[in-house]
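Next, two complexes with chain A in common: one pairs it with chain B, the other with chain C.
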Partner chain A sequence: MLGRRQIREKWMLLVPAMAVLGVITLVPLVNTLWLSFTDARITAIVTPVKLIGLENYVYALTDPDFQEALWRTLYFTVVSVGLEVALGISIALLLNQEFRGRTLLRALIILPWAVPTIVNAVAWRLIYHPDYGALNSLLFQLGFISSYQSWIGSTQLALNMVILADVWKNFPLVVYVALAALQTVPGELLKAAAIEGAGPWKRFRAITLPWIAGPLLVVIVLRTIEAFRVFDIVYVMTGGGPADSTKTASFYVYQEYFNYLRSGSGASYAVLVAGISAVLILAYYAAARRQDQGSRA
Partner chain B sequence: MRRLLILGTAAAALLMNSAAFAETTLNALFMSQAAYSEADIKAMTADFEKANPGVKVALEFVPYEALHDKIVAASGAGADGYDVVLFDVIWPAEFATRGFLTDVTDKIPADATAKIFDGAWTTVEYDGKRYGMPWILDTKYLFYNEDMLKQAGIANPPKTWAELATQAKAIKDKGIVQYPLVWSWSQAEAMICDFTTLTAANGGAFFEEGQPVFASGGARDALAYMKQTLDDGLTNPASREYLEEDVRRVFSNGEAAFALNWTYMNAMANDPAESKVAGKFKVTSAPGVDGKSVASGVNGSMGLGIPANSPHADEAWKYIAHLTDQSVQETYSKLSLPIWKASYDNPTVAEGQEDLITAAKQSIAVMYPRPLVPSYTEVSDILQKNLHKALLGEASVDEALTAAADRVKRIR
Partner chain C sequence: MSAHSILSVERLEKRYGDVHVLKDINVAMQPGDFLVLVGPSGCGKSTLLGCIAGLSDVTSGTIRIAGEDRTHAEPASRDIAMVFQSYALFPNMTVGRNIGFGLEVRKVSDGERDAKVRQVAEMLKISHLLERKPAELSGGQRQRVAMGRALVREPKLFLFDEPLSNLDAKLRVTMRTEIKRMHQATGASIIYVTHDQIEAMTLATRIVVMKDGVVQQIGTPKEIYDTPVNTFVADFMGAPAMNLMPAKVSRQDGAIRIEIATAGGQPLVLTDYGNAPTLLPESPADLIVGLRPEAMTDADQVDGRLIQRANCQLDVVEPAGADTYAVITLSGTEAIARLSGDATVTAGEIVPLSFNLSKISYFDPHSGKRL
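What follows is the complex of A and B.
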C-alpha cells in the first residue's frame, strides 16, 4: 500500500510528462478528430463551422481516385518495406562475417540513410532524367537499352522507380538493427546445430531469424508507419504524376488541406491514413505474438 | 551599483535609438523562377529602400510550386506573416472569397485603369474589386529556330497550328532534328497553360454558365492536336516530364525547332553563356487556327497584393507602387514586360528585343484566361491528371475530357 504522501509524490512526478504529452499529441488528435466531422475551411473570414457527421468520410471513401491511392500506397508499403528487410538482413549477415575492411564497410553503409529525404529525392530525379540521367547513360553504355528511357514519366514504371529510391535510402536502418541483433546470436548454438548436420539455410531459419525477430519487428513497424504515410520523396520526385500514378494517400491530406483549403475534409483523410497504419501495426504485433507463443510451445 | 547604472544608461540609449529610427521591415514573398530574376528584384528593392528611409524589405524567394501554400499558411501567422506577396492570375477568386488579400481598389489611381492593359487587370480582379496591382504581364510565345527553318527551306514562321505541324514534319523528315516540338507537359500547371493557349486558338471554352464545357469544341480540338503531335513523332515524348525550364534547356541546346514558353526565355536563350542558339532564333505570337483565330495566348500574368493580416499596409502599398511603376518596369524589361501600354512604344524597351515587342502587342490582346472560379486549383488538378492520361495514351481524348468534366461536377 502506498501512503497518501507517496501517492501525491507519484502524481507530482507524473503530471508534467502527462501535460506535455497531452498538449503535443492528445489535443491535436482530438482536434483533428473533431474537425473531420465538420465542414471547416481555411479562411480569414469568420464563418460558422457546422457538424456534418460522416459526410467527409463518405466522400473520401467513395472517391474512386482515393481508393486507387490507398491500394497504391499499400503496394508502395509492402514492396518497399519488403525489399528493405530482405536487403537489410542479407547485408547484415554479410557484415557480421569476419573480413578485411569490414569496419570501413560498416561505416559506409549508413551513408544513404544520413542523406536527407529531399536531397535523396532530387538526386534520384536527376539519376532518372530522360535526357541526361546517369541510369540511362549506364544502361545504354552497357548495352541493356537501345535508347534512353523515361523512367519516372511512364505510369507503369514511375512508382517502382520511386520505391527503388526509397529502398536505397532506408535499407541501412534495417542493416544496423539486424547487425546489432546478430551480434547477440550465440555462436555455440550455431556451431552445435552445424555439428548436428543443419545446413546454413536451416540454421538461419531455426536459430538466427527467431533470435533477431524482436528487434527486426520494431524496425519493420517503424518503416511501415513511415512508408504508409509517404509523401516527401514522391512529392519531390514526381509530384504524384504521371497521370496520378504515384499519388499516395498522404497527397490527399495535403491536397485537401493546403490546395483546396478544406480543413474538415483534410482531417478526415488524415484520420483514415493514420487509422489504416494503426491496423497494419496491430497486425504485425498480433503476428509477432503468435510466433512468440509458437516458439515457446 | 556602477555597473547597474552603466547598463541602465545603455538600455535607455538603445530604447531612444530605436524610437528615433523607427524601422518598418516588410516581409515580401516572390518566386525564384521565370520573369524577373532575383538580382532584378533585389536591385529594384534597393532603390526603394534608398528612397524610403526607415523602411526595409526582407525578401523571400520560393519556387512557383510553393507560392500558393506559403500565402495560405502565412494567413494564419498574424502580424508575423507577409506584407507583400506575389500571386498568380488563377488565385484571386479563391483568395478574395477567403479574405486572404486586402481590397486595394481605392488605393489605385483612377487614371491607371486606362493606361494598363485589360489583361493585366484581370490578374488582380474578382467580383468587381481589385486585390493588388498587376506586375508580371506574361503570356506564352512561340519561339522558333530560324536556322532550322531555313535548312528545311521554310521562309516564314507558321501562322496557324496546322501549318506549324506541317513545318515540323518537314524539319523532321529532313533529319534536322529528331523532335521539332518541345512543350511543358508534365502533370503540372505548366501543361494547363499550353492547353489553354491551344483551346483559345481553337475558339474553345472551359465553362459556360457554371458548367464544364471542355469535353467538346475547341478544348477537345486542343487536346486532340497535342496528342496527334506525339503520335506523329513531332513532339519530344519527354515533354510529358518537362516544366518550363526543361523547355528552355532543350530549345537552348538546339534540340528543338519550336517551343512555347514565357517571355523570360527570350533573353535567356539569347545569352551565349546559357544557350547554343543565341541570335539564331526568333520569337512571335503563338499561332491561330484557320477561321477561328489569328494568334493565341494564355493569361499567365501575376500580381502583387497585401495579405489581410499585414500590419504595414501603407508601407506595403508604397513598395508595390514602386515595383509596378512605369519607369521601374521599363528599366527591367528584358525578363518581363511592363503592364503599361505606353511602354511598348518606348524605343529603349524595344531595343534588342524588337520581335518580342511586336509579338507582345498581338499576344497581349488575345491572351485567354484560365477558368476564373474559386475552386480553380481543384479544377486544374483534375484537368492535369486526365490530360496526362490522354497524352500518355492511357485514355482516348474523349474519355479523358469526359472523365474530367464529370469529376469537376463532383467538386464540393
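What follows is the complex of A and C.
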C-alpha cells in the first residue's frame, strides 16, 4: 500500500509526462477523430462546422482512388519490409561469420540508415535520372538495357523503384537487430543440430530463426508502421506520380488536407490508415505469441 | 590398432595458432567400451572430443570410426550422437520433437519416428514430458531428454561432454547410475569427458588420463588406480589423492628399505618384501613413495610383512561418517590416513598405524615416472 505522501510523489512525477503526451498526442487524436465526423474545411475565414455522422467514412470507403491508394500502400509495405528483412538477415548472417575486416564492414553497413530520408530520396532520384542517372549508365554499359529508361517516369516501374530506394535506406536497421540477436544464439545448439545431421538451411530454419524471431519481430513491427505511413520519400522522388502510380495512403491524406483543404474528409482517411496499421501490428503480435509460447529456456 | 576398433585415433595433433592443444594422441576403443577422458581443466579432453565429433578440425593425424577414415568428415556423416554439458536442447521444440530431430532431418516417416521416440522416452521414463518445452523441465529431466536425443538414432558412437556438471551433487549420483544402467542395457560404445575422477572411476571400462594435451595413461579403472604411471596420475585419480612422500629407499637383503622423515625426528621405517629390489637403483636413493590413504589405516591385521605397523602423530582429525581421515606430516608433506569411522582418536595423539605395502608405488623424483 502506498502512503499519502508516496501517492503525491507518484503524481508529481507522472503529471509532466502526461501533460506533454496529452498535448502532443491525445488532443490531436481526439481532434482528428472529431473532425472525421464533420464537414470541416481549412479556410482563411472561420466557418461553422457541421457534424455529418459517418458520411466521410462512407465516402472514403467507396472512393475507388483511395482504395487503390490503400492497396498500393499495402504492396509498398509488404514488399519493402519483406525485402528489408530478407536482405537484413542475409547480411547479418554474413557479418556474423569471422573474416578479416568484419568490424569495418559492420560499421560501414549502417551508413545508408544514417542518411536522412530526404537526402536519400534526392540521391536516388539522381541515380534514376533518365538522362544522366547512374543506374542507366551502369545497366547500359553492362548491356542489360539498349537505351536509357525513365525509371520513375513509368507507371509500371515507379513504385518498385521507390521501394528499392526505401529498402536501401532501411535494411541496415534489420541487419543490426538481426546481428545482435544472432550473437546470442548458443553455439552448442548449432553444433548439436549439426551432429543430428541438419545442414546449414535446416539449422537456420529450425534453430537460428526461431531464436532471433523475438527481436526480429520488433524491427518488423517498427518498419511496418513506418512503411505503411510512407510519405516523405514519395513526396521527394515522384510527388505521387506518374498518373498517381506512387500515390500512397498518407499521400492521399496529405492531398485531401492540404491540397483540397478538406480537413474533415482528410481526417477520416487518416483514421482509416491508422486503424489498418493497428490491425497489421496486432496480427504480427498474435503470430509471434503463437510461436513464442514457452520457447525460451 | 585393431581392425575391429569402433574408434581409433592415431597420431592426432591439434594447434590453435601457436598453442599446441593436443600432442600425439593415440587412443583406440572396442565396441561396447565406456571410455572416459579425464583430466584437469585445459588438458585438451573436450578438444579431443570435439575433434572426434568433427566439430573442430585436426591439424594432423587420423580418426577412424568403425574402421573408416572420418578425419575430415562432416559431423553429420560420422554416425555419432553427442550429449552436451548445457544439454543443447532446442528451446523452440517440444521434448518429443527434440528427441526425434535427428530422425526428422533424415526424413524418417512420422509413424516410425513417433514409435522410436516413444520407445526411448519410455526407457528414460520421460513419456509424460513429450509435449513440454525444455524450459518447463528440471535439470535432471533435460539431461534425460538430451540422452534420449542421442539414443533414438542408434548411432555407432556416443559422445558425452561433461553431461553431469550442471546438476546438483545428489542428482549427479543418480544420473551417473542411470548412464551406467543405460550402457549396460544397450551395450553402446561411449566416450565420456569429465574432470571428475570419481565419475571416471565409476563409469569407465577404460580411462584415458590427460594433462597438457598429452595422454598420460590409458587403462582400466583398477590399473589406473593401483598402478599409476606417474605422480600426476597418482595424484589426480582417487579422493583423497595418493600420498606422495619423499623417502630414502635402499636395497636390503632381497627387500626394499623405506625411510620416511617425520616431524618428530625419528624416521618412519618400513620394509617392502613384495617388490623386487632390482626395481631400484643399486645405491640408496631419494625417491617418491606412493601409498593410498586406505593403505594407511588403524586396522588390526598386521603380518609384519605386507602389513606393518608404525607409530605416527596425527596433526588433524577429520571425521567423515563412514571413515575418519587423519592428517600426518611425513617428509614435509601432508599425508592422509583413512581410519575407521568409529575411531576414537584426537589431534596431537600418537597412534599405531598399519601400512599396507602390497600396493606401494615408487616414482622418480625428477621425472615423476613410476619405477
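By definition in this document, the second predicted complex is superposed on the first by the 291 of 297 C-alpha atoms of A that agree within 3 Å, B and C clash if a C-alpha of one lies under 4 Å from a C-alpha of the other, contacts with A are read in each partner's own complex, and residues count from 1 in each chain.
Following the convention adopted for this analysis, a residue touches a chain if its C-beta (ideal position, glycine included) is under 8 Å from a C-beta of that chain, and two chains touch if they have at least 3 such contacts.
These numbers come from a predicted model, not from an experiment.
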Could you tell me whether chain B and chain C fit or clash when both sit on chain A in the superposition? fit
After superposition on the shared chain, which partner residues are touched by A:Asp244: those of chain B (first), chain C (second), both, or neither? first
Once the structures are superposed on A, label A:Phe258 by its partner contacts, choosing first (chain B), second (chain C), both or neither. first
Which partner does A:Lys202 contact after superposing on A: first (chain B), second (chain C), both, neither? second
Look at A:Ile7 in the shared chain and tell me whether it touches chain B only, chain C only, both, or neither; answer first, second, both or neither. neither
Between chain B and chain C, whom does A:Asp131 touch in the aligned arrangement: first, second, both, or neither? first
After the superposition on A, what does A:Trp211 contact: first (chain B), second (chain C), both or neither? second
Which partner chains sit in contact with A:Val27 here, chain B, chain C, both or neither? Use first/second/both/neither. neither
Give one of first, second, both or neither to describe whether A:Thr43 is in contact with chain B, with chain C, with both, or with none. first
Minimum C-alpha separation between chain B and chain C after superposing on chain A, in Å: 51
Intersection of chain A residues contacting chain B with those contacting chain C? none
Partner chain C, residues of chain A touching it in the complex: 186, 188-189, 191-199, 202, 206-207, 210-211, 291, 293-297
Chain B to chain A touching residues, read off their complex: 65, 68-69, 72-73, 75-76, 94, 98-100, 186-188, 237-238, 240-241, 250, 308-309, 375, 377-378, 381, 384-386, 388-389, 392, 394, 407, 412
Where on chain C is chain A touching in the complex? 53-55, 74-76, 80-82, 84-86, 88-93, 101-102, 105-106, 133-136, 149, 153
So in the complex, the part of chain A that touches chain B is made up of which residues? 41-45, 59, 65, 130-131, 150, 152-155, 239-244, 255, 258-262, 265
